[in-house]
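You will see chain A twice below: alongside chain B first, and alongside chain C after that.
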Partner chain A sequence: MTVDLPGFADPVGGAQECFRAVLDAMARPGAIRAAACPPPAKLHAATAAVLLTLVDSETSLWIDPALAAATDWVRFHCGPREVEASQADFVLAASLPALDRLRAGTDEGPDESATVILQVADFAAGQRLRLAGPGLRAPATLDVDGLPTGFLAAWEANHALFPRGVDLILCARDRLACLPRSVRIEKG
Partner chain B sequence: MIGYNFAYLDEQTKRMIRRALLKAVAIPGHQVPFGSREMPLPYGWGTGGIQVTAAVLGRQDVLKVIDQGADDTTNAVSIRRFFARTAGVATTTHTAEATVIQTRHRIPEQALREDQIIVYQVPQPEPLSKLEPSRAETRRMHALAEYGPMHVKLYEDITRYGHIAISYDYPVMVNGRYLMSPSPIPAFDNPKLDMMPALQLFGAGREKRIYAIPPYTEVRSLDFDDHPFRATRAPHACGLCGATDSYLDEVVTDDRGGRLFVCSDTDHCETRRAAGHVGEQAMAAE
Partner chain C sequence: MTPASDDPNAERKAWMRVLARASAGDMRALLADCPALPPHIRLRGPEVGLVMARGRIGGGGGAFNLGEIAVTRCTVRSEAGQVGHATIARRDDEAAELAARIDAALQDPARHDAMAARVITPLAAAQEKRRQDAARRAAATQVQFFTMATMRS
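The block that comes next holds the complex of A and B.
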C-alpha cells in the first residue's frame, strides 16, 4: 500500500479556510468558492480539501467504487468508519447517488442526515440550475457539468422532505458550491 | 499561543462543531445538538458563542465582541482578549471593520454586510422552554411544527396587558418553518434578523445546541393581524449623541431620580459623537 501523504500544507489554517468556503457556499446556495489541497489519485483538489475539513474518525463515509483509488489516502488522513451509502454521514461520489436511498434524518432530528460530497467536472458548462430559497436575495443560477438528467426530479423529491433531506457539496477542481436541502431548483 | 491549538479548541472538536454548523445552515432555525466542551469560563458567560467563534475564526479575521451592545464590559473584553491570545487575531470595536462579531444580547445598530458573520451567545435556545419543560416534548413539537401554545401565550398577554408583553427574546418564525429564540436580544432588534445580508450563527454552550439563519432568510416575529409586532424603544434621545433611532440603556446617575439614556451600542454612539452629534446631557456637561 502506498499513500500520497500530503494533505493541507498548514492543517489548522487549511481546514479553517476550506470550512469557511463551505460555510459561505452552504449559506449562499450556488455561490462558487475556492478550496484546495494536494489530492490523491481520482480526487479533485476541492474534494480532498472538503474531506480533510469535515470527515474524521467520528463520522461514517461511503466511497464510490469509481473513486476507490483514493481510499488509502482517505483512511490515512480521515480514518472514518466505512459503511454502506444508506448509513453514511458523508457520501463521497463521482456520480449522483440515488438521494432517496441516503439518510434523510428524522422529523425530530433532520440534522442526522447525509451530506453528499459530489465530484463534478466543472461549474462552467452542463446543466443550468435556477436556485431560490434561504441564502438568496434573488434567484441565482449555477452551471454544473456532471449532473445526471434526472437530477431535477431527484432534487424536487429531496426538497419536498424538508426539513428532512440530504445536502450536497459539489466539488470541481479547486472550486466548490453547495446545494442545501432548503434550496428550490428549477431548470435555468 | 504556545500550549494551545489555534483558537483554543482542538481540531477534532472544531470539525464536530463545523459539521453541526453546516447542518444548522441547511435547516434554518433548527437546533442542532453538538458536543459542547468545557471552556475556561463558566456557562452563562458565552461558552456556546465562543465555541462557534473558535470553529469559524481564521488568521485573517477581525473580531469584534459586544455585550449588550458595549465593547467595554467585562464579558466583551475578556472574550476579545481570549481570542487575541489564543488565535492571535486582530480585534476591533468598530462594527464596519469586523469580519466576525460575537454578541451577547444585541445586534449592532449599523447594518451588517454579506462579508460579515454574527455569532450570538445563547443561554436558552428552546423558545418553548417556558411553556413545555420536557426537551423530548419540545423536539416533538418542532418536528410537527406544533406552535399553537406559543400563540396562546401571546394571546394571553394581550388579554391581560392589552399588548404582547415580551420585550426581549421575542420568538420568531424562521423561513416559515421553525420557531426560534433569537437569544435575549431586545424585540427592538428583531426586524434586523429578517433578510439580514450577514450569516447569523447561534451557540448555546450549556444547552449544547447550535442553530443558524442563512443570509437573506425570512424571519418573522410572531404576532396577530390585529396586534402586529411593534419594535419598541425608550422614548428618548441618547443623552450623549442625540440619536433618536437607536436602542437605549437607562443609567441611574444619582439618588435624586437622575436618569441618563444612552445608546447601548457604544461603537454607534462614539461614531456619531466623533461626527459631531451631541446629545442634551453631553451639551450640559460642557
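The block that comes next holds the complex of A and C.
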C-alpha cells in the first residue's frame, strides 16, 4: 500500500467546512458548493473531500471498480467497512449505479438508505435538469455532464419511494451539488 | 523475541518496535548527533484513538478483552519520498511524529546506516537494559509455589 497524499490540511476545520457545503447543497437541491482536498488518482478534489468528511470506520462503502485506483487512499484515510453495493451506506461511483439495487431504507427508518457519491465530469455542460420540491421556492436548473440517458426514469422511480429512496451527491472537480430523494426532476 | 526470518518486513518491524517504546526526549537527544531529519509533511495525524487490548489472562488461556488503551498514530512523508508510520501505546503526539519521521529516514538508503547506528542501536540497548533490570528485580522476589505448579501442569 502506497499512500503519499495527506487528507485535509486542517482535518477538523476541513471536514466541518465540507460538511457545511454538503448540508447546504442537500437543503437547496441544485445549488453548487465548493469543497476540495488533494485528491488521489481517479478522484476529483470534491469527491475526495466528501469521502473524508462522511466516510469513516463506522460506515460501510462500496467502491466502483472504475475507481479502484483510489481504494488504498480511501482505506488509509477513511477506513470504512467495504461491502457489496446493495449493503452499503455510501456508494462511491464514477457512473450512475442501478438506484433500485441500493438500500432504500424502510418507512420506519428512511435514514438507513444509501447515499451515492457520484463523480461526474462537469456542472457547466451536459444534460439540463429542472428541479422542484422541498428547499426550492422556484424551480431550479442544474446542468450535469456525466449522467446516463436513463437517469430521469431511474430518478422518477427513486423519488416515488419517498420517504424511502437514495440521495445523490454529485461531485465534479472542486464543486458539488446534491439531489435528495425529495426533489422532482424533469428535463430542462 | 526474534521475528520469523521469512518475514520480509522483519527488520522494519524491529526498528518500529524500538521507536514505539522510546520517549520523545530520548529520540531528540540521540537525533542531535545525527544529520538533521529531512523536512516532511504529515499525511495523517498525529492523532489519538482507542484500541482494544486483548490478553490471555484467564487460567484457560483464551483471549480476553482487557480494556481500551489510548494510542497515538502518525504517518509522514519525508522530502526524499519515504512514508513513515508510527503507532505508540500512549498519548504523545511529539513522540509519534518523531518516530514516524525516523521510520521514514530509516527507509532512505542514504540515511539508513547512520540512523540505525546512532538512534536505533542505543535505544534498543537502553530498552533491553531496562527490561533486564526489571526482570532481575522481579526475579529476586519470586516465590515458587510447587504445589500450584504441579496442579496446573
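Note that in this section the second predicted complex is superposed on the first by the 188 of 188 C-alpha atoms of A that agree within 3 Å, B and C clash if a C-alpha of one lies under 4 Å from a C-alpha of the other, contacts with A are read in each partner's own complex, and residues count from 1 in each chain.
Quick note on the criterion: a contact is a pair of C-beta atoms (placed from the backbone, for glycine too) under 8 Å apart; a residue touches a chain by one contact, two chains touch by 3 or more.
As the structure is a computational prediction, the values presented were derived from the model and not from experiment.
Asks: Can A:His77 be said to touch chain B (first), chain C (second), both, or neither?
Replies: The answer is second: A:His77 touches chain C but not chain B.
Asks: First (chain B), second (chain C), both or neither: which does A:Gln119 touch?
Replies: neither
Asks: Of the two partner chains, chain B (first) and chain C (second), which one does A:Leu23 touch, if any: first, second, both, or neither?
Replies: So A:Leu23 only meets chain B here.
Asks: Just checking: does A:Pro6 make contact with chain B only, chain C only, both, or neither of them? Give me first, second, both or neither.
Replies: Once the two structures are laid over each other on A, A:Pro6 reaches chain C alone.
Asks: Which holds for A:Gly135: it touches chain B only (first), chain C only (second), both, or neither?
Replies: first
Asks: Just to be sure I read the superposition right, which of the two partners does A:Ser60 touch: chain B = first, chain C = second, or both, or neither?
Replies: Once the two structures are laid over each other on A, A:Ser60 reaches no partner at all.
Asks: Looking at chain A, which partner touches more of its residues: chain C or chain B?
Replies: Counted on chain A, the partner with more touching residues turns out to be B.
Asks: Taking the two structures together, which residues of chain A meet both chain B and chain C?
Replies: Comparing the two interfaces on chain A, one with chain B and one with chain C, the shared residues are 11.
Asks: Could you pull out which chain A residues touch chain B in their complex?
Replies: Listed in rising order, the residues are 11-13, 15-17, 19-20, 22-24, 26-28, 53-54, 56, 58-59, 89, 106-111, 113, 115, 134-137, 162-163, 167, 180-182.
Asks: Enumerate the contact residues on chain A facing chain C in the complex.
Replies: 2-7, 11, 76-77
Asks: Contact residues on chain C for chain A in the complex?
Replies: Residues 41-44, 47, 75, 77, 81, 83.
Asks: Taking the touch rule as given, give the residues of chain B at its contact with chain A in the complex, in rising order.
Replies: Its residues touching chain A are 5-6, 11-12, 14-16, 18-28, 30, 32-33, 55-59, 139-140, 142-144, 175, 177-178, 195, 197, 199, 212-218.
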